[in-house]
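Think of it as A, B, C and D in the order they're written, each chain with its own count starting at 1.
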Amino acid sequence: MSSSFGLQVEMTIFGESHGPAIGVVLNNLPAGEPISEEGIAEQLARRAPGQDPTSTARKEPDVCRILSGMKNGVTTGAPLCAVIQNTDTRSGDYANIALCPRPSHADYAAHLRYKGCNDISGSGHFSGRLTAPLVIAGSICRQFLLRRGVHIGGHVLQIGGVQDEAFDPVSVSAEQLDQLAKTYFSTLSPHANRRMRSEIEAARMDMDSVGGLVELAAVGLPAGIGSPMFGGVENILAGALYGVPAVKGVSFGAGFAYGSMRGSAANDCYTLDEAGNIRTETNNCGGITGGITTGMPLLVQAALKPTPSIGKPQQTVNLDTMENTVLQIKGRHDPCIVPRALPALEAALAVGLMQLMAEGGKL
Amino acid sequence: MSSSFGLQVEMTIFGESHGPAIGVVLNNLPAGEPISEEGIAEQLARRAPGQDPTSTARKEPDVCRILSGMKNGVTTGAPLCAVIQNTDTRSGDYANIALCPRPSHADYAAHLRYKGCNDISGSGHFSGRLTAPLVIAGSICRQFLLRRGVHIGGHVLQIGGVQDEAFDPVSVSAEQLDQLAKTYFSTLSPHANRRMRSEIEAARMDMDSVGGLVELAAVGLPAGIGSPMFGGVENILAGALYGVPAVKGVSFGAGFAYGSMRGSAANDCYTLDEAGNIRTETNNCGGITGGITTGMPLLVQAALKPTPSIGKPQQTVNLDTMENTVLQIKGRHDPCIVPRALPALEAALAVGLMQLMAEGGKL
Amino acid sequence: MSSSFGLQVEMTIFGESHGPAIGVVLNNLPAGEPISEEGIAEQLARRAPGQDPTSTARKEPDVCRILSGMKNGVTTGAPLCAVIQNTDTRSGDYANIALCPRPSHADYAAHLRYKGCNDISGSGHFSGRLTAPLVIAGSICRQFLLRRGVHIGGHVLQIGGVQDEAFDPVSVSAEQLDQLAKTYFSTLSPHANRRMRSEIEAARMDMDSVGGLVELAAVGLPAGIGSPMFGGVENILAGALYGVPAVKGVSFGAGFAYGSMRGSAANDCYTLDEAGNIRTETNNCGGITGGITTGMPLLVQAALKPTPSIGKPQQTVNLDTMENTVLQIKGRHDPCIVPRALPALEAALAVGLMQLMAEGGKL
Amino acid sequence: MSSSFGLQVEMTIFGESHGPAIGVVLNNLPAGEPISEEGIAEQLARRAPGQDPTSTARKEPDVCRILSGMKNGVTTGAPLCAVIQNTDTRSGDYANIALCPRPSHADYAAHLRYKGCNDISGSGHFSGRLTAPLVIAGSICRQFLLRRGVHIGGHVLQIGGVQDEAFDPVSVSAEQLDQLAKTYFSTLSPHANRRMRSEIEAARMDMDSVGGLVELAAVGLPAGIGSPMFGGVENILAGALYGVPAVKGVSFGAGFAYGSMRGSAANDCYTLDEAGNIRTETNNCGGITGGITTGMPLLVQAALKPTPSIGKPQQTVNLDTMENTVLQIKGRHDPCIVPRALPALEAALAVGLMQLMAEGGKL
């Protein structure tokens, strides 16, 4: 299902960037659980545009209104629908894009898929704006998970040529994640953060954009959730994370570095900690073996391509005249989507983990 | 669902490594389509163990028997079930593993997940042996796809420190993929192949194992299949590929390299070819934008961890006495699973593409 | 999934009777198809309350607002969300019901299921009001189906002791169905209609309610859609029709009358019509054999229980004091839900057939 | 999906009547649960043909072999696959049916659906024989449910003109159901049983067949499982029961009799029993309100059409010559399928309840 995710806890996202509203339905949430609308607003604020020079100048109030599934501040058990009215839309900016697809954006593929009837304004349903309802859903799931001891957080691991430190895969802590999950453009190293901002500013000055990597973690997950083969933690989470536009790679633990490792170095040996609990000395597997959680921190990385909409002139084809042409994109676009994508990726992780917890009987 | 994949075309894999049989059910295949059992056998042979020193000494005949869904060589439209009887099983080898979980194998997580009742012999349902029914399903789907002009192939991109050349993302051809899809341990460069085999042999001599990367491609896919957000080509294919044990990373096109790229370099500009068809000059997006195919070659990479079962002594915990202990694994294990995993990954790709073609009304 | 239906075309209904809004998301609709909002309003009017003495005095404007998935009057292919704002709500009426569950209403079961947190006002998500978004979805699907030659209609077959004539299972026509589908409280016999209204009025005067039966038909369906066993037309349609509150029986063709029939009388013999097409002389099977359409008219009946909310005093238990008590329900309730349920059942049929058409590659 | 059922506990049935084998995969069963293969054999014996003059003379050993998912007599948590080898098949009997579809059988619809490639021998995947793997699955689920206090049983309620007594909807007991669930051709009244057998024998002597009704019950279900709208107990169970060939009607509690009832008579008033538990004085709703269990006995009825394969000559069309023709069916067919369908319907009920228990967190 295009814009749906999950079986036990099912999320459906709807809306187009410049349509009347965008929103999300969460089905099969447990009843009687408090939802903090302030908590939702806090997460929405992290992905809101216009907060600093690294992001687009668009202003979107992004007020989340819950239409159903909550009463007196707690879930009723009925499907929860939340919407955001769209306000600041300038559809005129998209007039030429309907004919001349932007390189590496969804325009051309969507044109074929939807027989030219997809809403092109603001990129329609393909807009990064659709991560706002995802953040709402993720924020709700995050609140459920926190009550069950599961903490989620992340940071920008790389922007262009600048790298942040990585999480310590064994000792990343709930406190550290909670702190990161409150901040816009989180990094572990303040120095890297400053250099990343310069990297983005440089791209912006060049009428260009730049890609990046994100690292996410979850601690407090019970051991023993997930399933082998196609129901594994990796399958479910990758299925959620690839739902965030621009993601082109997802890996767990040592990920692609496994390709050059020996088993003797890669294997995470079991040992007893002081409290007599089983832990692993290293955590290259990112807290997952055989598709099932080990109880160690869960670690996942995502790679995001540069924003395809750039100011530089680009070669494309006019779909009407079927001639090669040059496209110059105007309008307001993020020179780097990664800082704003971070809370969306955390949200996708939260929704994915919610699904896994439900499946594992842990909700 | 743990061992099921897909909605339109649904695959369910069953069996344990040392149980009576392993198999697969494929539901909702179109009726009236020929299936070549020889074609299935050819693909099973590519993943069979014991063919050269790089793989385990186990001998498995791996004869596929179709129990239903096929008559007179064509599909009937009813669910197709295929089984492989298990013959060469030495369950004694696994006696100590039930108590002392192997580092980075599924043993410990599965023990918790299944209350200690999972079949540990030969790793049970978590065994790489379960990729044999996946290869059957993939081989059937591959035959369906070939009739619709879709060619799938792949090669080992990296083993430890040795790298193969990568596919040319624009000009990888059907012929090249068909050739690769017939071979055991395919690489593009024969030189890299020799060095990879040495790398594996060195690991084996050290009672160790080694990981690697695989690159897969599909050409001939219609443009316009897939969907935004959670129904994207990336989501569906990652959900299939992570079903192959040991996969810890999946990326598309430029994948993690996107993290250090500028948009102006990363964007794939549209242009008309001589025949007047729209193509992209580069193909960093791996044939997918907005979760939808562009009609360019589809490119995907997977990272596999080293076989966790190694001969070297390793630290673990005895689950019965709850004491730290040292485990020495005997039995027959691949020093590198990557060459045998390659046809399983191609199979997962075929099953995933079959699902996407069905969804897109192209079956 | 509680309030979701379908795989290929997925419908999710949300909302509570006295909450801010109710609505529906339709996912995976084909792109580029016109939607008549007038057509939606026409169907909503058929289920609207307050149109005559047979229904409740509540006034609900029931204005359908489409938030996404439609632009310039045609579907975009993105999820379509439509909402109705709730306006006329008097939640005070439900104060005592939270403690004293109404006999045969969902109150008690829902209280257990949702730990007492379900919204009891206006019966919350269990309200017949939730059939309004179902009617929206059904009306949209009906428009898609009509363009493909499929006509849907129905009539009230029985109210209490009064029976309408039944459809002629062989010759029920598109024109007949189209006509019925425009009317409130459709029956085939005007005489039966008058007597049914009297039956309802008599129940109302007795502070009581009365049940009934509905018969639905669809003509123009292609032969050969549906599947054996659990994917059959009967399974899918029953799954949709039981989604309308108060439905307690669903049958196809001769239905329960089959129980007293001989095969020689029950079997529908094949014959060629004048145009050389295969038809059946009778149509006891209601247009379905082996779960698959035969191309003859599809016929289905549904049984609805009397409205549980009646004015007469009734025995119940106070959940707080855990004592037997007598409940007297105030508020506005339909003495017979059947006439207003008819368009909702037609809508459920339309959504079910849409799913079957999608599955069968006929959209 | 045609031959699959369920999400949490997923069942997929495969096989053709005269193919190599038929079988079933049950996915997501809890681990560590004993399975009695004797219990499976007992249920298979109830549906076996050839036990008395009321059923076909075919002999099928119907030996269930479990290929996976069970070790040392308990579930491993991996998908459980069970198969039955087909032995007594006489495919010659079906030569003319491929061309001349049997009235009211699936032949014609399946021919269109599967482009003439469906296996016609023994009716292929549409055969009543496919209820054998359903009985296996149901028997396994029944064993799981019994350990959780849920008892399932049923009886033949009607054959042609003969009716059995109905269950007492309030006081039907576990002991009564257990007793019925052990017997072939269960009825409540021995007298009705004798008359039903005569009715069937009379049909057989006339080279005809006869339809019937079945009533099923389950006691011991926890109150509060199920969901509103499309996830209701009725929706799920109807979806399962319509999977048994020949079922054309499914109703719950008072079912179609509700159509002529007043609310004051139909409503089930709540009261406290001696132990202080909430019960209803009547149980017209069949243990379900709002799609959710009330804790009272669950009651469901199914209507089955007469076996379509009868010895009498019948009108049909030759699909090759496209001429009207007369078909005389030879071969071995049940003059009444109802007694053998009873255990299959109980099995479908068990699988459906298993799904609902899983969803409700009661497994």
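We adopt the following convention: contacts are C-beta pairs under 8 Å (C-beta built on N, C-alpha and C of every residue); 3 or more make two chains touch, one makes a residue touch a chain.
Note that the structure is a prediction, hence the values are computed from the model and not measured.
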Reference chain A; chain at largest CA-centroid distance: D
Contact-richer chain pair (by C-beta pairs counted) among A-D and A-B: A-B
Centroid distance [mean C-alpha coordinates] between chain B and chain A, Å: 26
Between chain B and chain D, centroid-to-centroid distance (C-alpha), Å: 39
Chain centre separation (chain A, chain D; CA means) in Å: 46
In chain D, residues with contacts to at least two other chains: 1-4, 7, 13, 78, 113, 125, 228
Footprint of chain C on chain B - complex, ascending: 7-8, 78, 228, 361
Chain D-facing residues of chain C, complex: 1-5, 7, 13, 101, 103-110, 112-113, 125-126, 130, 157-161, 203, 206, 208-213, 223-232, 234-235, 238-240, 242-243, 245, 247-264, 266-272, 276, 278, 280-281, 284-286, 288-294, 301, 303-310, 312, 314-317, 322-324, 360
Chain D residues touching chain B - in the complex, by the definition given at the top: 1-4, 7, 10, 12-16, 19-23, 25, 27-28, 31-32, 65-69, 71, 74-81, 83, 113-119, 124-125
